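Beneath this line is the structure, given in structure tokens, with notes to follow.
Order as written gives the chain letters A, B and C; numbering starts at 1 within each chain.
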Amino acid sequence: MSEAALIGLFVATVQFGTLVFLAALGELISERAGVLNLGVEGMMAMGAVSGFMVGLETGSPWAAFFAAAAVGALVGGFHALVSVVLGADQVVSGLALTIGGLGLAAYVGRNVVGERPETQFTDLGIAGLADIRWFGEIFFDQPPVVYLTVGLGLAVWFVLARTRLGLALRAVGESAPTTDAVGHSVMALRSGAVMAGGAFAGAAGAFLSLYMAPGWTEGMVAGRGWIAVALVIFGAWRPGRLALGALLFGFTLALQPRLQSFDIELLGVEVSRISPALLGILPFVLTVVVLVIISWRYRHRPSPAPAALGLPYRREER
Amino acid sequence: MASENADHAVWLRGIEKQFPGVIACAGADLRVRPGTIHALLGENGAGKTTLVNVLAGVYRPDGGEVWVNGQRRHFHSPADAIAAGVGMVYQEFRLVPSLTVAENIVLGAAPRLLRSSEIENRVAELSAAYGMAADPSRPVWQLSMGERQRVEILKALWRDASVLVMDEPTAVLTPGEAAELGAALRAMADDGRSVIYISHKLDEVVAFCDEATVLRLGKTVATVEDLETVDRAALAELMVGSSEGGYVDRPPPIEAGGEALVLDGVSALSDRGLPALSEVTLTVRSGEIVGIAGVSGNGQKELAETIAGLRSPTGGRVELNQQDVTQTPPGARYRLGLAYVPEDRLGVGLAPKMSVVDNSVVRSYRSQRQGLMLVMAQCLGFCRDLVEKFGVRVGRLHDPVAGLSGGNLQRLLLGRELAEQPSVLVAAQPTRGLDVQGVAAIQSHLVAQRADGVGVLLISEDLDELLALSDRLMVMYEGRVVAELDPDAATRGEVGSAMAGQVSA
Amino acid sequence: MIRPVLARREKVIPGTQAVAFVVGIAVALVLGVVLLSTSGHSPAEVYERMFDSAFMGSDSLARTLERATPLALTGLAVAVAGSMGLWNIGAEGQMMAGATIAAGVAMVADGLSGPLLIAVMMVCGVAGGMVLMLGPALARSHLGVSEIITTLMLVYVAIRVVEWLETGPWKDPDSFGFAVIEPVPEQASLPGLFGRANIGTLIALGLLIVFWLAVSRTAWGYELRLAGSSPNTARYAGISLRRKILTALLLSGGIAGLAGAVQLTGSATRLESGLSNGYGFAGIIVAALALMRPSGVAVAAVVFGAVQVGGQSIQTLGVSSAISDILQAMILFGALVAAVFFNYRIRWTGPAGQLPGDEPEEADLAVEGA
């Protein structure tokens, strides 16, 4: 296998990692506030199509990226209205959002299928660093969204760990009545978190349609939204572990289309003969295993899962 | 008058609060001077919790005035009350287990940016100032109940509460922790803050508090300005009070039969893992009613659950009709003749969202079968008989039971438990919260069961009920049976003293 | 500041879920009008075409039933778990697992006679669904691991495994290089009813009736309902919650697996990665709309089946079939919101206002009484 192919694999790992990390970061914010959002797949599709269309219209990838985030936030607001404000079941609302979101994205984008954007994100060759052998291309010659996402990851970590807002968000995900009793608004915190989560998912969708696979086709999100949901659990609801998990999941995603070209043996198995489909189940199987391990290890103490995840709260029922 | 108000840290004046079917407060008054610890006493249902919840902004009063530190207040939410300086420590702590002590304390009143070392230092200073040791960096789930309570108190102090309300604070504490709590509360009072202290434990009240207010049926019936001189037995009697009428008198004693239920040295833990029952030994014979008196939280609930098989004992034996049932599961105990009316009618005894029919066959559905099928006509017939025989007033038999009144729920539950001629009946708080008619109906059923030779264990907080119905009366205090009295000879004062833990040798 | 609060109605309006469902359909149709007219289509024409293709004539009805059948089965699967308060989000995957095992058995047992082979395949379908559910069910009953995530994750495991079988081990050698699995043996096709409908519809209907009887008329169903509605009462009655959780989830997985076998022997010709076609996820919506009741599952499955058939038919008018997904989601959202307002009313509270509806919550009574 050539050096270029290997570098290509790692470049793609970082990009796929960025894609699922960005979406999962949004899901993490929402889940830490106690709201399960199974609508990520639909939100990403909405982000992908709206980002792509705004990109076509304006020619500015950044305008497209932020428009997609805004659309994601709007869709998130819908989930918040139904499941937080009105207190309907989060599972049902999220699933319906995925079905409806995928449908709406397909409908809205039906006329732009096959079109090519005029401009898209270009790789930022960071002066001086991009030329470093291997590392330069993998880490310092990526599109700006990659670096923005790293920054967002740090920001989410900082807000959750080091600010009053983050403390309130973590508290509302553990116990809404307690958080309400000290004067924080449960609705505002949770709705805000779900909308922020939607914005992240929408932005991730735009990264997909503006850079990774420029264009729009129905079904282009292809389960990456569900991988983001899995990643949050795999990362035990912590931004740092989420980043590591994103690289691992990103690696499996990057490897899938390349498997056949790898002419090496691993543990006595010819890598090129592994089915890409079987590799694709790895993130999901790992997530189930991690979930079981978490429940086992934390059986005598609070699990890292937000205790109030999935539980609607109405002040009246305090 | 205004100047007088200014003298009080808290003045609740003529507070009225009504809930559908229940008058919780009917003109209750409470005055607390700054720098004092004020006991709020009264039996269950006297309105104590409602009254302090009005002060804490949880309920809006239907009538009356709330004054805090000389100002008239209208609280719309708990946050308003917190802002006005009222800190509330509930029995069920409102802490986030996965967050640290410091994070819990500052939640809702934190600086915009959190530096853990900084807030932990400030919390440590605060806890040192009041002699309440608490490691600010530990997560709350690792703490004992006593430590968690300190966190709740520190939470109020962090917000600079001038009034601290403690709802039965020592219920979850070991005696050592209780003494520490007393010292900490005194330090706060010396600091000019005031404490409202709700408790049933008279020893503590006399030891910790300066003044007391006694509530009964939602009204203030007594205020005690100097607790040091008051007679405890008199206080106990004031607390338990007396309800009005409706009591059925038990017919003259009949010869009690053989031992139907025997507990031999039974011990058990509470839900919180603290010892709740210590070596309880008692016997209930066929054809007698044995009463269990005691201030709530002294192990009665755990006693009933252990007998019913819903709580595993940590030691001792339970015998039903001369058969060891210590390890027998709850369903099998019922089939061996043990009927149980639990304290929680809805949620344990009855499934709230299920229909009257479904609830009526919880015990007997196994015998309403034909092959795999449940014979609906048979279930309906069973239910109809039950409803008729026990005078349950229901709308449609297929409606959920959650819509029934307390008295009808209890008639249904008791009727179901008695349907298959049990030999032992354990009834926990069977008349609590019922209207006069309901009380009379339930009591006459208990008496009728006694006449039929059933051994009845009646756990109640209503002293008059116990004195009227019991053949023998036992008093529980801190998980032990501390006295056995003859209900015909004992006075209310004697029972009150035993309930307060004062046992005359 | 005056602000709205949701207050539980003292008297719940009767028959609410049926009304909520109708409201949901109305909301979806109105939103569809907006969507269609803004993109230059005539809503009346589109709706007429949808309705005609789904209901007018026996061929149309047959197409609707063909779609409603897997929806009813997966909806029933979700409802079985749901009647115990559990969420089976993985019916989509269990359907695939059931179809996979059934297809595998058909390959080796293709010498069997039609009825026998079909029966064996059905049993294998149930087994396949149960196998995929076994892990989540045990994790839930013995470790308390949320079944929502575990069942969901296994959906993609099942679909990817079928993709792998398509491209590798089970690839049909006679497929001219296409990555497809060989068709199921001829004799393993479910007998047809009329049009495209087959007796799979009767199987679904029969199971719905059996389930309705089992839940409402047997001691087993009684225990299931009791454990789902009030766990402490069930414990008090001597029912093992652990065993109930396990059986409810396994049964749920088995029914979803059966949906896969029915689909494989019914409208599909071969096992393929698109066989489940979103039926499992839509089944969750169907069950949620039906409030886990079998009669509701039947009605909602037919409505959703009709919407899907209608969605296909309007492509000839140049309208995207994606409309049908949007309509399905909007029916659910409309019904969810309507149901909230049937159970709650908006109350405005302000500083001066009293709250006449204040009730002592159970927790407070318990404190008062503790």
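Observations on the structure shown:
Here, a contact is a pair of C-beta atoms (placed from the backbone, for glycine too) under 8 Å apart; a residue touches a chain by one contact, two chains touch by 3 or more.
Quick caveat, the model's predicted, so the values are computed rather than measured.
Here C is the chain whose Cα centre lies closest to the centre of all protein Cα atoms. Among the inter-chain contacts, the highest number of C-beta pairs connects A-C. Note: centroid distance chain A to chain B, computed from Cα atoms, is 48 Å.
A straight line joining the Cα centres of chain A and chain C is 27 Å long.
Here the spacing of chain B and chain C, counted between their Cα centres, is 45 Å.
Shown for chain C are the residues that touch two or more other chains, namely 363.
Shared interface positions of chain B, defined as residues touching 2 or more other chains, are 58.
Shown for chain A are the residues that touch two or more other chains, namely 318. Residues of chain C touching chain A in their complex: 5-8, 35, 39, 87, 89, 135-136, 139, 143-146, 148-150, 152-157, 160-161, 163-164, 167-168, 278, 281-282, 284-285, 288, 320, 322-326, 328-330, 332-333, 336-337, 339-340, 361, 363.
By the touch criterion stated above, chain A contacts chain B in their complex at residues 161-164, 166-168, 170-171, 174-175, 177-184, 301-302, 307, 318. Here chain A touches chain C in the complex through residues 36, 38, 78, 82, 86-89, 91-93, 95-107, 110, 218, 223, 226, 229-230, 233, 275, 277-278, 280-281, 284-285, 287-288, 291-292, 295-296, 299, 305, 310, 314-318, going by the rule given at the top. Within the complex formed with chain A, the residues of chain B that make contact are 58, 77-79, 82-83, 94-99, 103, 106-115, 139, 141-142. Against chain B, in their complex, chain C makes its touches with residues 213, 217-223, 225-226, 229-230, 232-239, 349, 351, 354-355, 358-360, 362-370.
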